[in-house]
Amino acid sequence: MELEGCSQTAPEDTGLHEACGVFGCVATGDWPTQLDVAHTICLGLVSLQHRGQESAGIVTSMGSNDSLHRQKKGMGLVGNIFTEEDIVRLRGNIGLGHTRYSTHGESDTSNVQPFVVETLHGLTAVAHNGQLVNARTLKRKLLRHGVGLSSGSDSELITQLLTHMPECGEPDGANWVGRIKRIMHETKASYALVIMNKDKLYAVRDPIGNRPLCLGKLLPAATFSGKKILDDSEVDGWVVASESCAFGSIGARYYREVLPGEVVELSKKGVRSVYMAPKHKQTPPALCIFEYVYFARSDSVFEGQMVYMVRQNCGRQLAKEAPVDVDMVSTVPESATPAAMAYAAAINRPYGEVFTKNRYVGRSFIQPNMRLRQLAVAKKFGALTQNFIGKRIVLVDDSIVRGVTMIPIVKLLKAEGAKEVHIRIASPPIKYPCYMGINIPTHQELVANKVPIDQLADYFGADSLQYLSVEGLKAAVTEGIKTEAESGHCVACLTGDYPVEPDW
Amino acid sequence: MELEGCSQTAPEDTGLHEACGVFGCVATGDWPTQLDVAHTICLGLVSLQHRGQESAGIVTSMGSNDSLHRQKKGMGLVGNIFTEEDIVRLRGNIGLGHTRYSTHGESDTSNVQPFVVETLHGLTAVAHNGQLVNARTLKRKLLRHGVGLSSGSDSELITQLLTHMPECGEPDGANWVGRIKRIMHETKASYALVIMNKDKLYAVRDPIGNRPLCLGKLLPAATFSGKKILDDSEVDGWVVASESCAFGSIGARYYREVLPGEVVELSKKGVRSVYMAPKHKQTPPALCIFEYVYFARSDSVFEGQMVYMVRQNCGRQLAKEAPVDVDMVSTVPESATPAAMAYAAAINRPYGEVFTKNRYVGRSFIQPNMRLRQLAVAKKFGALTQNFIGKRIVLVDDSIVRGVTMIPIVKLLKAEGAKEVHIRIASPPIKYPCYMGINIPTHQELVANKVPIDQLADYFGADSLQYLSVEGLKAAVTEGIKTEAESGHCVACLTGDYPVEPDW
Amino acid sequence: MELEGCSQTAPEDTGLHEACGVFGCVATGDWPTQLDVAHTICLGLVSLQHRGQESAGIVTSMGSNDSLHRQKKGMGLVGNIFTEEDIVRLRGNIGLGHTRYSTHGESDTSNVQPFVVETLHGLTAVAHNGQLVNARTLKRKLLRHGVGLSSGSDSELITQLLTHMPECGEPDGANWVGRIKRIMHETKASYALVIMNKDKLYAVRDPIGNRPLCLGKLLPAATFSGKKILDDSEVDGWVVASESCAFGSIGARYYREVLPGEVVELSKKGVRSVYMAPKHKQTPPALCIFEYVYFARSDSVFEGQMVYMVRQNCGRQLAKEAPVDVDMVSTVPESATPAAMAYAAAINRPYGEVFTKNRYVGRSFIQPNMRLRQLAVAKKFGALTQNFIGKRIVLVDDSIVRGVTMIPIVKLLKAEGAKEVHIRIASPPIKYPCYMGINIPTHQELVANKVPIDQLADYFGADSLQYLSVEGLKAAVTEGIKTEAESGHCVACLTGDYPVEPDW
Amino acid sequence: MELEGCSQTAPEDTGLHEACGVFGCVATGDWPTQLDVAHTICLGLVSLQHRGQESAGIVTSMGSNDSLHRQKKGMGLVGNIFTEEDIVRLRGNIGLGHTRYSTHGESDTSNVQPFVVETLHGLTAVAHNGQLVNARTLKRKLLRHGVGLSSGSDSELITQLLTHMPECGEPDGANWVGRIKRIMHETKASYALVIMNKDKLYAVRDPIGNRPLCLGKLLPAATFSGKKILDDSEVDGWVVASESCAFGSIGARYYREVLPGEVVELSKKGVRSVYMAPKHKQTPPALCIFEYVYFARSDSVFEGQMVYMVRQNCGRQLAKEAPVDVDMVSTVPESATPAAMAYAAAINRPYGEVFTKNRYVGRSFIQPNMRLRQLAVAKKFGALTQNFIGKRIVLVDDSIVRGVTMIPIVKLLKAEGAKEVHIRIASPPIKYPCYMGINIPTHQELVANKVPIDQLADYFGADSLQYLSVEGLKAAVTEGIKTEAESGHCVACLTGDYPVEPDW
């Protein structure tokens, strides 16, 4: 499966889309801190850009009672939204950021996060990754209380829920942890949140842990050269991020995951767990398995294991379940490379490249005549003909969604001289919609629903095609888990078994 | 060596830059042709984008006597310059395009090619890749004749030379081939040109063939599905391009190279060779060897061999010259992958990935404090730690220019747990400037001039470092040549032996 | 006083600023209507552009139960925000628009009106001109109810108040008029509102009528040529606007004003008054007198009289109170022209021009040296020297706020040969802040507070200076009123007597 | 006649267009000079913006032998092209600028002036206002010499002619005055030029003086407050501009006109006349009379008289030739105001305003239905109904070109209650094309050619219409001339008598 490229123009929308990346940062020192909070958030968002390319925003604060929040939001890529001047203007020793891909059709500036509201207890900012399974019920409840909602987003919903707690009574009005607990009580999934008020960040993960969230400590510059760091009092600050891949470029070291149902407070004084939702039989952990298969950057770590290793496991498992006798193992660049390499090693055949990728594709024109329409795939991929002519090839891909590019890819390889083209998919067929934050094409558009699995090879013009089994995928994901916490994964898009049912 | 990415903001300028890509297209049919000439050129330029990302332009013509040329030029990437409306407006059955990286410091719209001038014999448009070794002399000559030059570019120079032939006399004034011959007589290198007048394109390659140029035939759409094509009368049109990688996405089939010193005419009636410069002992063919090593897209074909295969040869040759005992062979993504894979196979060690690349890097800020400055490389590359921890690694790269990113890369690998890091470069040290169109940093900036070769491993913090020899590179390049024409390669930047001396 | 020009760059901020213009439109016919609602609103906003140049927005609806609102908002001038495509996309037979000058320091897209929220009773859109005198109290009330406020604007406040009526109970929940009544009860001033829900617009003017609002009927195209129109059933639609100057370019005829404290419903079926707030002794009408003096476009009609005529009255009254023996009466172009001409006629001296205005001023640079700084006024105005050399001049201006341009203007006139320069201001000194929607510089910046009135002539370098008296201004405003409704005007910025006290 | 407004979008093209404004500046001091040359040029161009709004450019130089020229050119208004950074970057103590309205259909960046070329004798920059009557012949001559011309502009033509002097021979090659003389010999009209080389500017006016050009001295800042300036050695620098209206905002005092056929050298050392073309009977002075009637800013001075005064003369003369019995004299804002006021005074009737102008008109949409099309004029002008209802009005305009807006204007006035509407035009009918730089609509589009003069009142729906006579206009223009030099005016567009015949 092809992750959409960095072109700023509309991608040919063929795959799955993650909705969001969240990031928060607090400096331990006083202003002016060694740490540049806004710059750190900006770099963090750049590393989370693969989780959303439509818009981004940063909000910072000086962390004192009466301080104004400073914010900048915009459409497009992080690198184009925030100018040098913005970063300077976004003063503060605490802040949060968000990068977003719209799960709804219409892109609109009014939905750009973080969402900031004034409340009786100060300004509050919220960054959210996920989608609330009972959004309808919650929205109706808020509307009935007379709150007007100005954007359609779940983020505004969560922000208003957080604010709107008439039953709290004035006494614990400023009790933000209490407010967060109530949200956890009212909605099970899915959310990974970073909430900022005056001088604290709260990192919140829903009780089933559907979206990832982890903590990192910002090392002093002196330690970058390798000096050991002794204790937390020496850190420059703390960060929370959707994925640990955000830590490298900001000088942060991975600390730990926020656990399913946990609320972690980050402040000047450090991090501390302030709440852990009680465990329920009905809602065991259910981390989205596609974070491993496709969404996450391969250097991120979930449950103690690096995503890259899991992808290799998938390839290895696939080789066990569906070997094939070929001359060469390859892939469509570039997300499935680890799976393909591991598959090749497992079947003891050479891994080789069959395509070079044009990294400057840009937008497509509505083509004025038929002549060029069928060549679109060749705009993106150049065939390395002399490297595969006359050979039997197996293409390993990580997943297939609509399957629209597989047909011309197989055709291109055969036209250029491949003797056989086999397809192996390192995950099971995607058949069901996601109600928890992943933008999956409609039922009819999913190729696994459109074409019987045993006819897919023919449909793609390939010599054979096999998917990894659900059990195989689960095995690949769990074999390397190195966390003591209870784990579990959501495979609803593969099986239709939803960990929490939506209210519609 | 890292090819600069597709971000639209200023790259960290660490490497070599190719100056230009040229492209021309002529339709065989009458207007309105099956073939969309402007769209074809635009797609061709997208495939040549790696040769220049600063600006681009397209000029088209209806090919009749009194027709206006239509043009659009702009700064930036092809995909952002030409809108759907532009492509529609650029009517015509003949045209040419250009994509450019400035070899001079200042970027300026007045230098954007193709260069179009009105002459006594109609409008003429010129697209040029290369740099004239005797530009000074030629310029002085033109100025002495009283021609004012409005841009500093060699392109304008060639265009005015083409136009300015007072000694031609009126009789053969419109004799464009005659004019081109004179240019060939006046300047030996380097130029790959596409020249358009009324209804013809001329593809011109300098006598030493320093810059590549090849021809393709545009197949009718019907043949895309595999039907054989019988003869040239069935083609939809003809194209000329700097590299054959431009052919795939436009439905063109590789026809042949323009030979060193050859002038090929492309018109409605087809292609024909109209001139071949006489061979001189002093100026044998000298194709820039870095087209193989680094510039060209790996699916392009020169001298009958695919660039990808030559890069594999380089890796294999390097393994012969400089093997090393390691656990894993890897590379810095992504230009040296074929060399690294071939090296791995040759020393019989596994090839594996040590980095994932962030494809959304964007611009860098002038960093306000020291804290983040040393982490810049981690913004671009995420370490796949669990894939290499505790291992001995050899990094194979295709070339080293300034060497500025190698230091933090080695440091990052070691900090993340690599036991040893060895470096092998699949080409010899770059030591000398190029006068023929490649933008090489100054003598002092080239790391091979700054640090003695035997101290480079230390300088980079690596456990060992070795380059490929000049002979090894030559062998790798020549072993697969499948052309009957005489061949030869320019290695001046490696040895200081220039095929033609510049006039300064 | 100089109204800021149409340059898109930041004006030199020397004067008063009106905060907003509101506009609403409903078509009487069914979709597709003869009337283009979005285009009509866009043209209406262009005519209200002088009331706010920072941002604008339009929201339209098909007027049926389940229809989506369509909206477009943007920063800048109306003519640059709405493209042809936007106007086509903004389908609907009902809609409203807003143009805005920020009264707060920071410009931000999140404040751009109309404000749209989802409520239990459908989507609601609100456009607001004015400033709530008890915003603090209202905000605190909303926050206490647990509503988070995402923008600092009074508009959001009013929208949430409208939505948030827990005491309403479910029965009359959809009773929008009831909701509007409650707002009128909770806040006396200042607001001119256009509220849209499903299929109706409500035009609301606060009980003191501080901001203007009037109704117009859209004539069928056939009547444009002069044919009489018989009754309301023949109209194409109805509009509501801050000023009647918006009617000319959309083919609307002035119908009547919305009265202080009145709620008028506009729908497919026509207009009807649905509520009239009971009269209170404490809050008699108090239309902002600066609408007459400066803000309104001179062709607008308030209280039955054209603003232009009132400005002439001011000039005439000023001539009575403060005549002067001069050779020529003039003005600084161009807002005070009617006052100046009337003054000239009244003192029986010729009116003439002393300046031509450069209409292409553009932004100012932060000037690198002192040389050009003192010449800024000459960038804007060219002296018509030969028209006034050797003459005694009186400059009539409509008002003086900071007085920063008057000094160089007098200096320029004298340097170019004016024998005497007298100043007459057709309104009294501005001394107090406005809490009802006008952006007045701080107390210290107002020249009337900075320099004793009797020293102002010296301060400006003029030979004499006189203001119109408060009574004179009131007389000029009331002499031509042709409305039977009770009238009254707010002169708080001149006298400090506020019709309603603010809550801070 | 309505001068096109400052909106950045395409104007409704109804009138005449001046092609260009030129400006040059040289500082007398050494770098860094008190004088900011680039900023001065930028301000000068802002004051010449009415002469061309399509594009602008500035070129500066340090004035030494080997110095690079710095330049910035762009499309749009001066205020939007040059940023603060540009002005800082454009270092130098000599420079020139240009602002341009395209006389040809297509707007193109390659035509933006000043035109800069490298020559044997250094870089040369040229700014040109005018159009060469024998451009065809000159172009053919250059092409025959083998010079390729890259833009279609007369400016490039003049620049290449200046450069291309093969017959000069090397000895006097650097003799720029000699080169300019030759140009004067080769082409009689029309051109006002500013030419820059190394350290000198040349201000050149064609032998018939068709386009205006004048000199100013830049006063030291100290003199701005009124101190007398003693001699030229005290000036900060010298400027040359198309119109003297450019002097006010830069602290320059009007010095004198460049005379027809004169070449003035401006350098560090001051100004000196270096050539005066011999007088010919056949080519007496012929300053474009429409500079007085319409193009020039009213505060500019030609031939010793301020344009504003000439326009008043025209109004007075018109009153003599074509009085009318009315209640009120008015105009369509705002170019004909001086003529209208003078007409009013001459017929002893009050001058009053009938329209207010919307200064925020912006672009027009291609209107989707007929309803709003006929109201376009009301978008631009608001009727001051109460100021004219029941009155007999005469509208004085300066000229009529296509006459397209006059019809709806008269209709609007009558619909709003004007009893009679008479039209008086303060210049004669425009009937012939201009070959010397003014963009006049085609013969058929000129209303004076389309409708017999005696039917024009009917055509416009007016009660009467009269033009000023050619003799009347000449008298109005000459009565105030205060120059000893021979004067004369081109009235070819009114009479068809061209001072120099074009070569086509």
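Think of it as A, B, C and D in the order they're written, each chain with its own count starting at 1.
Methods note: a residue touches a chain if its C-beta (ideal position, glycine included) is under 8 Å from a C-beta of that chain, and two chains touch if they have at least 3 such contacts.
The UniProt protein names, listed by chain, are A, B, C, D = Amidophosphoribosyltransferase.
This is a predicted model, so every value here is computed, not measured.
S.K.: Through how few touching steps can chain B be joined to chain D?
M.R.: Contact-graph shortest path, chain B to chain D, evaluates to 1.
S.K.: Among the chains here, which has the CA centroid at the largest distance from chain A's centroid?
M.R.: D
S.K.: In angstrom, rounded to a whole number, how far apart do the mean CA points of chain C and chain D lie?
M.R.: 37
S.K.: Take the average of all CA coordinates in chain A, do the same for chain D, and state the distance between these two points in whole angstrom.
M.R.: About 60 Å separates the centre of chain A from that of chain D.
S.K.: I'd like to verify one number: the distance from the centre of chain A to the centre of chain C, where each centre is the average of its C-alpha atoms, in whole angstrom.
M.R.: The mean C-alpha positions of chain A and chain C differ by 48 Å.
S.K.: Send over the residues of chain C in touch with two or more other chains.
M.R.: Within chain C, no residue touches at least two other chains.
S.K.: Could you classify the connectivity of these chains, where an edge means two chains touch, as line, ring, star, complete or other?
M.R.: ring
S.K.: If you go through all the chains, which pairs of them touch?
M.R.: Once each pair is checked, the touching ones are A-B, A-C, B-D, C-D.
S.K.: Which stretch or stretches of chain D touch chain B in the complex?
M.R.: 73, 109-110, 115-120, 124, 139-140, 143-150, 152, 156, 159-160, 162-166, 168, 170
S.K.: Mind listing the chain C positions that touch chain D in their complex?
M.R.: Interface residues on chain C, with respect to chain D: 5-9, 34-36, 39-40, 42-43, 46-47, 49-50, 53, 77-80, 84, 87-88, 221, 224, 226, 236, 245, 248-251, 297-299, 305-306, 308-309, 312, 337-338, 341, 345, 350-353, 356, 358-363, 365-372, 374-376, 378-379, 382-387, 415.
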